[in-house]
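In order of appearance the chains are A, B, C, D and E, and numbering begins at 1 in each one.
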Amino acid sequence: MTDDNPSSPPSAPSSSGARRPAPGTAPGELETSVDEAPTLRFLAYGPDGFKETIAESLSDFTPSGEWPVTWIDVDGPPDTRLLEQLRDVLGVHPLALEDVIDQGQRPKVEGYLDQHFIVVHMLSYDERLQLEQLSLFLSEKCVVTFQGRVPSDSLEPVRARIRQNKGRIRQEGTDYLIYALLDSVVDHYFPIVDKLGDKLADLEADVLVAGTPDVIGQVQALKRDLLQFRRVLWPLSEALSSLGRSKDPLLCKETRLFLRDCSDHVDQLKDLLEVYRETAETLVETYLSVLSNRTNDTMRFLTLVTTIFIPLTFLVGIYGMNFDPDASPYNMPELRWRYGYPAVLVLMLLMAIGMFRYFVHRRWFR
Amino acid sequence: MTDDNPSSPPSAPSSSGARRPAPGTAPGELETSVDEAPTLRFLAYGPDGFKETIAESLSDFTPSGEWPVTWIDVDGPPDTRLLEQLRDVLGVHPLALEDVIDQGQRPKVEGYLDQHFIVVHMLSYDERLQLEQLSLFLSEKCVVTFQGRVPSDSLEPVRARIRQNKGRIRQEGTDYLIYALLDSVVDHYFPIVDKLGDKLADLEADVLVAGTPDVIGQVQALKRDLLQFRRVLWPLSEALSSLGRSKDPLLCKETRLFLRDCSDHVDQLKDLLEVYRETAETLVETYLSVLSNRTNDTMRFLTLVTTIFIPLTFLVGIYGMNFDPDASPYNMPELRWRYGYPAVLVLMLLMAIGMFRYFVHRRWFR
Amino acid sequence: MTDDNPSSPPSAPSSSGARRPAPGTAPGELETSVDEAPTLRFLAYGPDGFKETIAESLSDFTPSGEWPVTWIDVDGPPDTRLLEQLRDVLGVHPLALEDVIDQGQRPKVEGYLDQHFIVVHMLSYDERLQLEQLSLFLSEKCVVTFQGRVPSDSLEPVRARIRQNKGRIRQEGTDYLIYALLDSVVDHYFPIVDKLGDKLADLEADVLVAGTPDVIGQVQALKRDLLQFRRVLWPLSEALSSLGRSKDPLLCKETRLFLRDCSDHVDQLKDLLEVYRETAETLVETYLSVLSNRTNDTMRFLTLVTTIFIPLTFLVGIYGMNFDPDASPYNMPELRWRYGYPAVLVLMLLMAIGMFRYFVHRRWFR
Amino acid sequence: MTDDNPSSPPSAPSSSGARRPAPGTAPGELETSVDEAPTLRFLAYGPDGFKETIAESLSDFTPSGEWPVTWIDVDGPPDTRLLEQLRDVLGVHPLALEDVIDQGQRPKVEGYLDQHFIVVHMLSYDERLQLEQLSLFLSEKCVVTFQGRVPSDSLEPVRARIRQNKGRIRQEGTDYLIYALLDSVVDHYFPIVDKLGDKLADLEADVLVAGTPDVIGQVQALKRDLLQFRRVLWPLSEALSSLGRSKDPLLCKETRLFLRDCSDHVDQLKDLLEVYRETAETLVETYLSVLSNRTNDTMRFLTLVTTIFIPLTFLVGIYGMNFDPDASPYNMPELRWRYGYPAVLVLMLLMAIGMFRYFVHRRWFR
Amino acid sequence: MTDDNPSSPPSAPSSSGARRPAPGTAPGELETSVDEAPTLRFLAYGPDGFKETIAESLSDFTPSGEWPVTWIDVDGPPDTRLLEQLRDVLGVHPLALEDVIDQGQRPKVEGYLDQHFIVVHMLSYDERLQLEQLSLFLSEKCVVTFQGRVPSDSLEPVRARIRQNKGRIRQEGTDYLIYALLDSVVDHYFPIVDKLGDKLADLEADVLVAGTPDVIGQVQALKRDLLQFRRVLWPLSEALSSLGRSKDPLLCKETRLFLRDCSDHVDQLKDLLEVYRETAETLVETYLSVLSNRTNDTMRFLTLVTTIFIPLTFLVGIYGMNFDPDASPYNMPELRWRYGYPAVLVLMLLMAIGMFRYFVHRRWFR
């Protein structure tokens, strides 16, 4: 589920995802207009192995005490039945489930009794920045994640690590899984930031030559993407650090150390984003001054041409007058002088040269 | 009661509503210049049913111990008599009642002994943003709300939920009713924000083509609306979070959880509004650079035309001079050459082509 | 005593009022260069009545234990003798008295043992914003206020309420009197803010049509007034809220409630002022883009006229050349064609129409 | 020792004074490259009298227990020998002495065991703002101050007060002396701020008429001075308030009250400076719009002249064509009409008037 | 390892150094793609002497209890083997080692049980600002530093001080060494800031004459460098002050005093950088107004030339018309007047003078 449609005309980010309930609806009502049931991916694991099941209903999965950790990965918008099962079976709080349905959430961490509800966003960048909300529930033995129908690959590296028993993920509990998921999401931000940085560098070069006429539109679009990214990053930083500081027994001390590391990465990204934003901020002004410079150059060229030719044209106009030399000796006697024509030509040449020198002297050209 | 008249000329938001008392008036005086008595809508309910009464006076309503919750909805500016009744019968603090009369309040929550006084704003957007102050009193058994004469429909969904016993509103006390009302008001902000976002996107597109000449006036108006909205949203966020954190026994723990959710919604709106504001901020500058670009293009066109034709006009001017070829062999002998005229025509054609090529070479056109 | 002279050229607010002591002077020296003694207005009152005396010296007033509250209102800059009397008789701290002499104070509340010293500003707006410092001393039985020679009417409503025994002012102590005075001063800010808002709206309309040439000067002046106002309002808000929170026994609980209300009013004003400031901030930029638009229009008009007529002028120039048709059959035979002249006229008409159509096609006009 | 050389080209404030040690030098090394010994002024005093001695070495001064307070005033950059004496005799911390040598310090207050080290700046303004670092050591019986060779007169009023036994300075201890010195320095800021304000007002007037061409350079210089001033004022405000709040037994309660007053003065200056800065901020933009206005006026004038004369020139060009009326009756028969010439003149006059009226109608002129 | 390549096109700082791990990698994995082993420089010292060894492997170094402090200086990117040795032998935390591999860290201080991990940056400036990450581990007896292959000379002065037993570095423990290293790094920032200040002053002068056309590109580059510097300085200031305040027994009280001094230096740099940034911020706007001024001048020159010559050209055009004086007495009788031609010449001269005077009168020139 993306927040912004790339094919749409330039548009500010919308407040409400497609699945926001009507204003004034009773809170905690798990009504969705979703017809198709989402796909559920059960991944239960422990130090000794793992079991992966794909199903369409929560009841298809028989939780066995065998595995210390179960990760239920819901792909696609959840339907009412599933949400009610989650509420009833796993005891997930209805207000949190409502936030799963409504897609416009800010990144946040909410503590409910013996569980945490976390909202982050997975990003992709292809001309425009795309957001996909990822909701995570953390309880003692179970992690539930909600994402769009086409599962983003931000979580795939974690699945791979579980399947291949890489690192110590199979030795740890649900808190480490949550960390691994969050860390993977944040790690995937780095290439996006790089792409935005490249785009910015391209635009900067374009602006300095004022090349393409639509550069301003692209700068506007980039600025909006950076604002959008910031909207994702700032509250995430807060959320992660509040999670890291929380005294909740669900999170062991070592995991908190890892979360601090993850929070550091977000801070790095924030720093970079701020630099990008401040740079982008000045691009329009820079473009203006480049344009102004160009207008000035054009103006000077026009003035040069005009200033050189207008007096000359006036001069030839004088000798184009029809005063009758026969009527009076004062009437344009030059017209009958022996060297009248060559003299005028020479005069005009001298005038042109003088004018040109004057402009060169005043450093009119660069 | 709206804060801004759409038919008026562009105007900054006014400090004083129509009903502000004269400076220096003694505080707590409940003098109003309202002639017409407001309409009172009594809605008493409990888990077992509800009773709705419409009256013109507080004394028309006999409070029975039957219903756990009574919601008194005052439509229209309150008159002195009603305010005095509220003060005497329900024990509402005079300073709070004064804030009901004076319409220019910021959103706030004030605690008085055993009651809370809350001010929020209902919004509507039709070309311009309209504000309507909603004042709420919360006491243990009674909620009083004050709104404009034409009751805004922000509260109607709550009435419907009470009448239809939808959700658990009838099972809960006055604190839940207050939450339901605030939540409904905040929910109604979302479509307004969307409309502002659409307007912004339209203006952005307009600005990039510098289409209509009044786009700048519209940008100014939108900015003012966004500032106005922010003026409503920022203190509301503070007020809600202070309400959620207050240890007041009037608010049960579950309601505080709901208020936190409502506060989250306001934070979402704040985020969006900030993005809009930052985008709107840059529109004038963008417009300037689009205009500057266009001026530059116009300039180049003018320079092109002038630069091509001025030398040619000068040339034809030369051969329009009346130097007498009979008087001297140096006087414009070209005029009598066999191919004089065609030669000049060809020369001029070559000059024009050369000039044009020069401009193409310097990438004068895009 | 005003901080800014309306007849002076545009000037930033000055740091030092006229009565600042020379740098390096010993602190707490009550030296003033005031010749004329100020007018003292004694207003002693209690629930049973009041007594008003006007005198020129503190010794003219015999404080009787009869009245619970005495308000000494000093109109005009105080002279050394009065200040020394205040120090000796009422025990006012010399540093505070020094702040009364030096007019450039920020709004503040300072606690000295058993008294408070408060500085606020009374404002008036007539083309330019005028400030007048009001200093207040609060002790248990006595309030002393210092203001300019021409007593501003910001305090008059309070005097009227005392004289007419309106509200409960006569029933309360000095703390309520201080509140009533501060509230009256703040209430008088509202019409000033409205006037600034009207001025802003006028300027906004002017800017959008770029009407009068001095609009930028007026925008600058308004901005300075808004900055000045802010300089008054921000510290006042801090001062009031610190006064409201102070545990001083001089202030009873009810008065603190009233001060909170007064502080709310200042916050409303701050909100409005911020909106005004942000709007004013963008006016110059808006003006620039309106001007840029106009320049662009002018440019296009010039280009249109030039582009249409320059080729035509060139054409008539060609047929104004004097190549001799007698000398060669190639020399301008058109001049002797039967329909030569009409053909050229038609050609020029077609060229003009074509050019015009081209501009219309490129949407050169709006 | 000034931070900025007035005769140098426009330059940003430099990071390192002339006496900064090489990077990587061991801290606390009191190596200076000063050849000339500074002048020492000993001023010992008590309630009963004072004794003033000028010497070149600390050893020239025999501290007698006679005087409660000794102020050692070091004029000119200190040499290594003096610093070592100070370290050894008075027990001044080496890190603090290092800050005396290195001139680029920010205003600060540092507490070392039984002494305080304070850095402030004395300012002068003569075309450009000049900074001079003043370092102060406060111990129980002794105050040491370091300043440039030419002793600034900021401290002279304090010396005068000691000599003339004015106020209570001779009755008080070292803490009051420190306050008196700091207060004198801060008092000397006021005239500087006034000068900056006058300069700003002048520039504002210049900008509005876009008078002199170098106004922008002057605005840049003023902005830099304001930034420089702010760099001095902000940390000073912090330092003073931290000094006032410190529980150090060196500072008696009364002195803290005086320091609070001094801190108030700095806050006043900060307020003013902010207003100046915000005003200066907008000057370039204002200048741009004044220029833009002027360009627009120039443009309109050019367009007017061009638009009126170009069609007329075209018309006279037509009748300058040489179509032969003898060759065909269609060839310019107008040339032989009886009233041809007057008719053309009248036609041209009408065209010019019409054009002019059109421009007046479109309010082209103001 | 530099963060920015000077030969590359203008580019925003990149998010990921070359050695960032792939997204989703398990944390704490010490995999590097480094082939070449780094150079290790062991510097063990005590009050009595020092021993310096250069090796390629940690195992080449036999730690003897002889020396109280050992500084292991790793030049060049560390390989996996070295990192594992550090983890196993010295007990360095894997997350910290990961930060050594990944070069894009922000300056920070992290406490792990009995060691501190510190990241700072060494800077160089040669046309563009270059960053090199310096990672430091502090444990009780050992300091490990990681830097690029070409060891920057920021640390060389500290080595020299150890070798030459200058100051008290050999008398102190690892905490003093860390301070000495950080202080040396910060000291090396000062010349960089000076270079940036010089560059800024050059650009400012260039902007005021709008000399070279690429000045805007250079301003952009400088702004980016300043942003980059700020990105290094702000978190460093936080990190140092948190280190100075930490109660860790690794840092003795005296060292904390030194760290406070070092933190003061960073604050000085921050102040300067802010001034530079604010100055740089306004350069583009200033450039715009200088350009606008120049355009205006060009415009006026063009208008002057055009306005003087266009009417004259029109006039000579009139007398170039071919109305036949033989056909009618009204047809241009002037052409046959005795003084027709001189009269026209005089008329044109008067017109030109009048026009010129008009422009001078309107102060068209400066």
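Everything below uses one rule, namely that contacts are C-beta pairs under 8 Å (C-beta built on N, C-alpha and C of every residue); 3 or more make two chains touch, one makes a residue touch a chain.
Note that this is a predicted model, so its numbers are computed, not measured.
Student: Which other chains touch chain B while also touching chain C?
Tutor: Both-contact set = empty.
Student: Give me the superposition rotation angle from chain A to chain E, based on Cα atoms, as a multiple of 5 degrees.
Tutor: Fitting chain A to chain E on C-alpha positions yields an angle of 70 degrees.
Student: Based only on mean CA positions, could you tell me how far chain C sits from chain E in angstrom?
Tutor: Whole-Å distance between the two chain centres: 41.
Student: In whole angstrom, how far does the Cα centroid of chain D sit from the Cα centroid of chain E?
Tutor: 25
Student: At least two partner chains per residue is the criterion; list those residues in chain C.
Tutor: 285, 288, 292, 295, 299, 302, 306, 310, 313, 317, 320-322, 332
Student: If every chain is a node and each touching pair gets an edge, what shape is that graph: line, ring, star, complete or other?
Tutor: ring
Student: Beginning with chain A and moving on to chain B, name the chains as they sit around the ring.
Tutor: If we begin at chain A and move toward chain B, the chains come in the order A, B, C, D, E.
Student: Please name which positions on chain C make contact with chain D in the complex.
Tutor: So the residues of chain C in touch with chain D come to 9-16, 20, 22-29, 95, 98, 104-106, 108, 110, 210, 212-213, 216-217, 220, 223-224, 227-228, 231, 235, 284-285, 287-288, 291-292, 294-295, 298-299, 301-302, 305-306, 309-310, 312-313, 316-317, 319-322, 325, 332, 334-342, 344.
Student: Please output the residues of chain E touching chain D within their complex, sorted ascending.
Tutor: Per the touch definition, chain E meets chain D at residues 154, 156-158, 160-161, 166-169, 180, 183-184, 187-188, 190-191, 193-194, 197-198, 200-201, 204-205, 208, 257-258, 260-261, 264, 267-269, 271-272, 274-276, 278-279, 282, 285-286, 288-290, 292-293, 295-296, 299-300, 302-303, 306-307, 310-311, 313-314, 317-318, 320-324, 327-328, 330-332, 366.
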